[in-house]
Structure formats: C-alpha cells, structure tokens
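Shared between the two complexes below is chain A, which has chain B as its partner in the first and chain C in the second.
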Partner chain A sequence: MTAALTGDPATVPAAAPPTALRRALPLLAAPVAFFVAFFAVPMVVVLSSSLMAGGAPSLANYARVLLDQYHWDVLAVTFRIAALTTLAVTLLGYPLAYYLVRVVSSNALRRSCVILLLLPLFTSNIVRSFGWMILLGRNGLVNDTLVGIGLLDRPVRFLGTETGIVIGLVYILLPFIVLAVGNALATVDPTLEEASADLGSSPFTTFWTVTFPLCLPGLIAGVIMVFTLAASAYVTPALLSGGKITVFPMLIFQQYSTVFDVHYGGALSITLLVVTLVLVALAGRIGNGGGNRS
Partner chain B sequence: MIARILLRIVAWAVMAYLVLPLVVIVGASLTATSYLAFPPQGLTLDWYGRMLADTSYVAAFGTSTALALAATAGAVLLALPAALAIARYDFPAKRTLLSLLMSPLVLPHVVLGAALLQYCAALGLMRSFAALLVGHVVIVTPFVLRSVLPQLTPEQRALEEASADLGARPFETFLLVVLPQIRGGLTSGAIFAFISSWINVELSIFNTTAELTTIPVKLFNYVQYTIDPVIAAVSSITIAVAAVTIVLLDLTVGLHVLSKRR
Partner chain C sequence: MTSLRAATCCAALMAGAAFAPIAATQPAAAQSAAASTSLTVAWYGGNWGEAFRSCVAEPFTKATGIKVVPEIGTSTVTLAKLQQQKGAPTIDVAWMDGGISELAQAAGVTGAIDPQAVPNLAKVSPEAVYKADGAVFAVGTGYYSLGLTYNTQKVKTPPASWNDLWNPEFAGAVTIPSPANSSGVPFILFLNKIWGNPANDLSKTFAKLKTLDTALYFDSSGAASNAYQSGEAIVGAHFSVGAWDLADKGLPIGFVVPKEGVWATDARLHLVKGTPRAAEAARFIDTALTPQAATCLAEKLYLGPSVQGVSVAPDIERKLPWGVGGSVKNLQLFNWADINRDRGAITDAWNRELARQ
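So, the complex of A and B:
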C-alpha cells in the first residue's frame, strides 16, 4: 500500500514484494534481531517455564493458578480497580480535554495548563503516589479538610483501601486520557459543528451527534491505554495498599523477587498477559464497531 | 450556559487535583519537623543538604541518567531504520513486524521485567547495567517509532528521490533531506523515550541491586519502610527535573498537543 502511495511506479521499482524485502532487510536486521533476542525470546522462556513442572511438560502450574479461588479473587480486585479507574479517568478527563481544546481561548493559558498536565506524566509513579500517601493519611490534608468542613465526623481510612488505590491510579493515568481525547478533539473540523448548529441542532445535540462520535477513536485509544496500565500497575497499589490489598502484579513480583519460582511465576505472568490482551482486544473490537458506525 | 459553567468548574477541579500532590511534596520537603508535615512547619533546606551528603542518591541519579540516555540512543538507532523500512517497502509480514515492535506499549512491564530477570540470569547478565539497558530499550523503542512513522509521508519520499536523482549519495540524502523533515517527530519521540526510562520502576526493579539502582527504584524501596522529609526533597528534585524538561521542550520543539493548528 505504501509503495502504491509513494507515487509513479516508474520511480518506485521496489513494488515487487521479493525486491521490497531484499531492500528492507538491511534496515530491519538490527531492530528485529534486538527485539527477538531481548523481547520475544525472554517471553518464550517465561511461557516455556510456565509449562514445565518437575522437569517435565505439564499444566500443573496453570492448574495451581486457575483452580485456586484466591487467584480469582485477586484477579477480580485487580480488574475491578482497573475498571473503576478507567471510568473515573474518563469522566474527569473528558471535560478537562474539552475545556482545554474548545473553551479556553487564550493560548498562554492553554500552554500553561498543558505544562501542568504533562508535569505529573513526567514525574515517577513513586513520587506521585508518595504525594497521595501524605495527602490521604489519617491526619493528611484530605481528612483534615473533610472533617474541617463538616463532611465527616472523624477521619476515614483511605490508605489500604481500594478507594485509596483508585484515587492514586486515577491521578497517574488522567493525563493519558486528556491527551488522547484532546488531540482527537483538536483534529475535529469545527466547520462540521457549525454546520450542525446552522441546521438547528442544540449545542447538546451537536456534541452527541457530531463531536463525540468523531473523537471516539481517540477516546477508545486512551481508554485501552489507561485500562492496561491500571491492570498492570505495581508501584501505586504497592504504596497505597499498605500491605492490605493484593493486586495481580504483586503476586508476580513476589514469585520472582523472593520465592524465585519461575514456573509458578511464569504461569501467573502469562495469566495476567492473556487476560489483559483479551480485554484489550474486546475493547478494540467494540471501539472499531463504534468507529464504523460513526 | 449552565453546562458551560459546570464544565469550567469540573475542569478547574481536575487541574487542582493534578497539581495538588506535587505542591504537597515540595511543601513537605521544606518542613523543619523530622516527620512529613503539610503545610510545612517552619522552613529549612536541611533535607536537601542531607540528600546531597548521601552519595547513594547521587549515584542513583547518575545511573538513572546514564540509563535513560543510553536507552534513548538505542531506541533511536533501532526505531529509525525500522520506521524507514516500514514506510518505504511493502514486504511480507509488515503488520506482524509492526505489532511486534509496538507491543511493549500494552505489555505489563512487571511481566517483561520478570522475563528479562530470568533470561538475563541464564545469560549471566543478571542484575547488571546491560540487563537494565536492554529492557529499557525494548519499552522505549515504540515511543520513537510511533512518533517518527507518521512523518515519513509520500511527499517526504518524493523529496528523497529527487535528492537521489540529483546525485546525492544515500547518506547525504539521509542527513540533508530525511533527517530535517522528521526532526520534530524524532525529538518528541526521543524525549518521551527518555522520560519513560527515567521514571520506570516496574521493569527496573527486577534487575537492580543495593549498589546498582535507579532513582525511582531507590525511592520506592525507601518509601515502603521509612518516610521522612529527605524522600520529599529527592522527589522535589525529580519534579524540578521534569518541569525544566517540559519547559525546555515547549521552548525548543514546542508542545504540539491540544492545539487546533497542527
């Protein structure tokens, strides 16, 4: 397809696939070799050790993972946290993206907001989660404020609850959705919205029938990214759970760092990978369906 | 009208939510108390002095910087030729190759970190700088690839052919024609690659040791057991590095995000 777009066939003799491959090969050799050696092969090593038990091929490790109710509970917690995070991030991020792209008229203000939006993104998860450890503590600013204005009688425990983890993850992942939706909004041709208004639609109708469908691919891309990052997050849950809540990536980390059971750990890794990829594929399918309709 | 006002309120509340923890960390790093307090009680820079006196923090800053620079250089060297090949030639299994190179974006980093620990142990590279580096190159390459690929357009290709027709050698064409045209994408991709490496914990944590550690991993291990204002001071420094990077980025290549003109 690319060769066809490159222009006149006379200037592009590389149209025949075998020639194309021969020309592409020198450029591809290093990246492919590197990714095979340090990405594909390590993943195959994990997969193959997950399929070995006691020196013989076996599904025992997967039986150990899948037949234990505990793992299902941890998976449920992990994906519940990821789903809640994704929902909250979308509900908070979409209005902010819309506001920054469509409402803010001053370029200077938008630029300052973009800088503030990127600042958390450029700061380590540790630092950001650490900020929430200070804020969400028993005598932290959040509890003090809520008690001070009379919304609460006494401090609530946030650290060590799923709510605390969701607050921390929402914070970390919010910029991703704002950028994804914002960049999609910025490419929507405003004349389409004007046309809709000229034809008598209310701003509300215009938004839901013109703007929203046109930015849906950007939203879906952001949602998928946020969901996978939330489901595979280790640092934020580890810091904000206070050891009281376990998410799936923690189980994997334990197996490799303290127990060093690569067979059982491998089965846990592959399980997380497969569940995540299946959910991403499902979301992508729903997203594509929506894209085609619009 | 009410919708407008509501939108404005939500947007500003979300902006406040984004800034609050960073303000809290910087504030807490200035407290004169020996525990973390926000708002700070008294003002002191002692915690910064203590951080600088601890050579392990300085060493970790060094490791993080060297790792991020090397990983970015590696990612550019891999992603640039791959992008050129993918944009120019219609070879078999192109989509599969692109998926392979982009998949670290959706792969849980904990899984890849564990895989590399086991694999590098087998190669005798366990918990070494090399083990950290190969992992970081794998996770940051997609950032460069993703931002360079859209810039290799048919128009760009046509200019390249014109240059060749006029007798420029392939290397000259690359340097004088291709590179200037993809500079924007390359720079922003490289900066995202650098930052992703600089802040990474989930991948690094498997291959770091007490001596060889990056700043986020060191902070992570420390924060789990002790919380004191030194941590807030180290965190504030990383926030400052991030702020300077973003402003420099805005002033040099320009942050072309959320703007109507592209």
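So, the complex of A and C:
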C-alpha cells in the first residue's frame, strides 16, 4: 500500500520549466505510443465503423440502438447489476480494508491477508466463473448446504438469475475496493484521529467525521473502478446468466463474434461507453461535493 | 479433477477467443522467418487440437521434416487473424468450421486448393469439397453433429425425439445452444424445418422454444459439457464430439440421433491465400485427407470421415455423428449462405424472445 494513488500535490509541479519538459518528453513517448496504439487507434476504428451503414456515413446504427426500447431495457439490467455489485462490494470491502489496515497489527499477517485477497486475480475470470457455476448449480455446494442444514426445502435457482451474476461479480471485484480503500486508510494521519478523541469524540463520531471523509477519495476511486468493471463485464455474466439474461457487453460480443456486424456492434460499444462515462462523471461530481463538504 | 480439467480447458479456449486477435498473431509472426522448415497451421484448442496434432501434423512432419507450428484459436478467431494478415499471411493452413469457412471465402482470405497438388482430394466425398467460382476453397476433414445428449442415470427412457425435451420430468434441466454458439442459429432453422414451419417465418418456432423450461442456453461447447457434468442439465443438445468425450471420461452421458435427424457441420481445411509456403501447405492438406488420418480423427474425435471408403471399428462407428448404420446422407447439412444471411435477424429475435426475463 503506497501513497502513489493519493496524488500528493508536492510531487506534481504545477508548471514544469521547459528544460524539464524537454527531458520528460522521451519518457512520455513510450506511454503515449502505447496509449495511441492500443487504446486510441482501436477506439477510432470502432467509432468510425459505427458511423458507417451500407458503405456510407450514417447515424443509422445509433438510431437502431437508441430508438429501440429493447436496448434501454438491457442497459437498465446492466446498470442494475453493476450498481448492486458495487453496493455489495463496498459493504463487504470497506470493513475488510479497515480490518486489514487498522486492526491487524502484525505486518506478516497483514501481508498474507493481502496476498490471499490478491491471489484469485492471478486466475482467469473464466476459470473462476466456471467455479461459481459448479458452486451455484442446482446440485452445487451452496444449494446442497442450504438444503442440508434445512434452510431450504429444495434447491434455489442461482444460475440464470441476476443474483447469480452479482455473486460472481462481487467475488471478482472485491480486491479492487479493498486496495483502493486500504490505500486511502493507510495514508490517514493518525494524529488527526487522536486529536478528535482528545476533543472528546467517541470512536464512532471520530470515524464518521474524520476517518471516513478522509478516505472518501479512495472509496470513490474504488467505487468507480468496480462500477465500470461490472458494467463492462462480459465473461462472468455470460457464464452465470446461462444465456437467460442479457447484459450490454453480451450484445456487443455477439455482434463482433457471431453476427459479424461491426457497424451495429460499434454503435453498441460507443453507447455503453458514453452512458458509463456519464454515470461515472455524475458519481465523480457527487464524490467531489462530498469531499468539499468535509 | 476431470471437471476441473475440462473447465480449465474450455476456459483456455474461451480466453483465446476473447483475446487472441491481439495476442496470438505475435508468435506466428516470429515463425515466419523460418521459411519452409516450418508450417503454421491454425486449429482449435482442447481435444480437437490434440487430435489434429497426432493424426495429421505428426505424420506430416515425419514424412517431410517440416515442423508444424500450431496457432490455436476458434474458427472465428482464426478468421479474424486471417483478415488482419491479409496480403502477408503468417498462417499457412487453417482449420475452420462450416459457416465460418464460407465467410472466410467471401472475405477473400482462402486460396484455391489445386487437385494436382493434393491428389487425395479425389478420394474425398463430393459433399465435402467446397467450391466457389470453380475453384476448391475448402475441404472437409470430418463431420460432427448436434444431437440429443442425456444423463443415463437421471433419464430413465432415452429420448428419441427433439420434442421429448418438453417432457415435464425434464423441466428446468434442459440445455440448448444460444446464438453465440456456432450451432445456435442453424439449430433454430433445423427445428423450424423438422416442425414443418414455413422457412421464412420463425415465429412459431420461437413461440415453442419459449415454452421450453431450460437450465441454460450454452454459449460454448465447454459450457455445455460443464452443465452435463455437474448435473445442471440432464438432457438437451450437445455436439457429438463433446458428448462422447464426456462419456469416454466415464461420465454417465449418452448421445442419440433422434428420429427427426441431426443438424451437422464439418471441420474444414483451407489453404491461406498468398502464403509463401503453398506447396508445403498443399502437402499438409493432402496428409489430412489420407485414410489413415481420417481413421485417426474418427477414433479420437468420432468425426464422421469425409474420405470415402474409410472403415472404423464397430465401437467407433456407433459414436459417429450419424449414429449406428448411418452415413453422411443422414445428416442435415444446411446451406451456410442462407444461415449467414439471416444470422443477425435470428440472433436479434432470440435476444428479444428468449434471452431476457
């Protein structure tokens, strides 16, 4: 957990002198080239193909996407799943991050907990989603246990439901919020909390008025990461939906991989991107507002 | 263990499908400098790739000394790579399934297979030699079908008709392919045909499918295998290759050709247009069309041989895509041009009718 993500203003000079800039340019060249080749160029290709229909420039693909209630229904499902995932991940991840940073006193124990948390990231999403298919199935471990201990009379259907998709996404995205919040928590100056306690605040009040607001930028960063990853997730929803629920990335994948309509697929991609960006911008605004109030 | 391995295997396949267009062209590019000492051949992952390697690539290398470098990917991924490499291909020979094969031909990435350079082409049954504008652009190396698959422990009476899937005792435990799978769109057209619905109107077929109580619609063959293995699905559609693979691993899985027949397609070989190693590529295709290779593929994948006069052991024969006593004549091979034309509309109708709650 480093301070790298906190954006310490001292390390970023407001106006770099020209010589420093000249020295920085070659350093910048590599990331810029990478960004252009692997992000900007593909994005332009997708955008330009989405603006072509029948060999001529046209907005027909966007009309097809935006004027059809079906696509808005799918967007609603997609963002509902993403929002529920983000909520669940936050409720689970925040206490976990707090526990790891503040409660665990042994460095070795904390390190092993972080390794345990990160370990699943080394496995492909596909393998992990297949794992959930086995766990959540009609004869899976979860249903067997719930029926076995008498909580259920007969197996519940998880696969092919939004609940199943949310469970899979929460598991995959949990580390992101724990790292973001933990990083923020670790950089909170403990003397501020001590001062709050000295002034007579209860631990609860200190948390809500000092610790929580100071961690808010980290939390917002984590929430945005999780939300965008959940809204754009393909593999987990595709596997855990059993094809019975459609999220927007599945529509995009279908067009590119089996229908081969890159124009309509491109319009779907850009639509998802724009709607997600708008939602993230709104969230960022709320986050800034929260930060200012504190 | 088996389930984990199968899951990993199809997972690797799917990961390949998602990311290969960017990542997988690189190793091939590195190989192109090696000129005619090696040949790059695109094929599928899992037990398919294994079979192609031992049945075709190894005998080829043994006979010619030319190393075969596999380029693993699903048919669609291979097509995407070929389109990117158009003009300067690094893949010399490519296996792609029926349907994608026609798209590859239309995209202009397939070269002509010269019957002079591939003498074994003469032994291939005429249905498996695909021509466009008078030239051979693809040759089938074996058929596989999408038949009825069931759990032999949980299903007392083996299903005999596609309509048996609507049997109330199977409610909630049925699986059929989604349009994201290569068999999804043709399967809908197949059902439409066997139910005698008009060819240009799928509404009755969709209405009937809507009443099917499924556990899942499978996107990949791996997802289908997984569902049968875990008991999530106890009856439904599956590829002959995947179903027999499960049965061979000792799982209680049966595969039957129902009375209405089965939809089938084939894995085809293509000579990539503009390859600098056309002579070696033709030699490779010729090796794949030997009776030995066809027998080997039938033994390993239960692919129905496209090479005429190939006979296999009775235990293998009953597992071929056309079932006991059948032949290529019993398969319903659709015109892929029609399927590809309606692909977008059928996928769209499926999304609206079935893939939502």
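Miscellaneous remarks
What we mean here is this: the second predicted complex is superposed on the first by the 257 of 294 C-alpha atoms of A that agree within 3 Å, B and C clash if a C-alpha of one lies under 4 Å from a C-alpha of the other, contacts with A are read in each partner's own complex, and residues count from 1 in each chain.
By definition in this document, a contact is a pair of C-beta atoms (placed from the backbone, for glycine too) under 8 Å apart; a residue touches a chain by one contact, two chains touch by 3 or more.
This one's a predicted model, so the numbers in the text were calculated from it and none came from an experiment.
By the touch criterion defined above, A:L282 reaches neither chain B nor chain C.
Once the two complexes are overlaid on the shared chain, A:L239 sits against chain B and chain C alike. Once the two complexes are laid over each other on the shared chain, residue contacts for A:A40 go to chain B alone; chain C is not touched. Contact with chain B, but none with chain C, is seen for A:L100 once the two complexes are overlaid on the shared chain. More residues of chain A lie in contact with B than with the other chain of the pair chain B and chain C. Contacts of A:L192 after superposition on the shared chain: neither chain B nor chain C is touched. Judged by the touch definition given at the top, the superposed model places A:I126 against both chain B and chain C. By the document's definition of touching, of the two partners only chain B reaches A:L272; chain C does not.
In the superposed model, A:S257 makes contact with both chain B and chain C.
Once the two complexes are overlaid on the shared chain, A:L28 sits against chain B while remaining clear of chain C.
Comparing the two complexes, residues 38, 124, 126-127, 130-131, 133-134, 140, 234-235, 238-239, 253, 257 of chain A contact chain B in one case and chain C in the other.
Interface residues of chain B facing chain A in the complex, by the touch rule stated above, are 3-4, 7-8, 10-11, 14-15, 17-22, 24-25, 28, 36, 38, 77-79, 81-82, 84-92, 97, 100-101, 103-119, 122, 134-135, 137-138, 141, 154, 157-158, 161, 195, 198-199, 201-202, 205-206, 215-216, 219-220, 223-224, 227, 231-232, 235, 238-239, 242-243, 245-247, 250, 255, 257-260, 262. Remark: chain C residues 3, 7-8, 10-11, 14-15, 17-18, 22, 76, 103, 172-173, 178-182, 184-185, 214-219, 223, 226-227, 230-232, 343-344, 347, 351-352, 354-357 touch chain A in the complex.
Across the interface of their complex, chain B is touched by residues 1-7, 11, 14-15, 17, 20-21, 23-24, 27-28, 30-32, 34-35, 38-43, 45-46, 49, 92-93, 95-101, 103, 107, 110-111, 113-128, 130-135, 140-141, 171, 174-175, 179, 182-183, 185-187, 190, 203-204, 224-225, 228, 231-235, 238-239, 249, 252-253, 255-257, 262, 265-266, 269, 272-273, 276-277, 280 of chain A. Interface residues of chain A facing chain C in the complex, by the touch rule stated above, are 38, 70, 73-74, 77, 124, 126-127, 130-131, 133-134, 137-140, 157, 159-160, 234-235, 238-239, 242-246, 250-251, 253-254, 257-261, 264.
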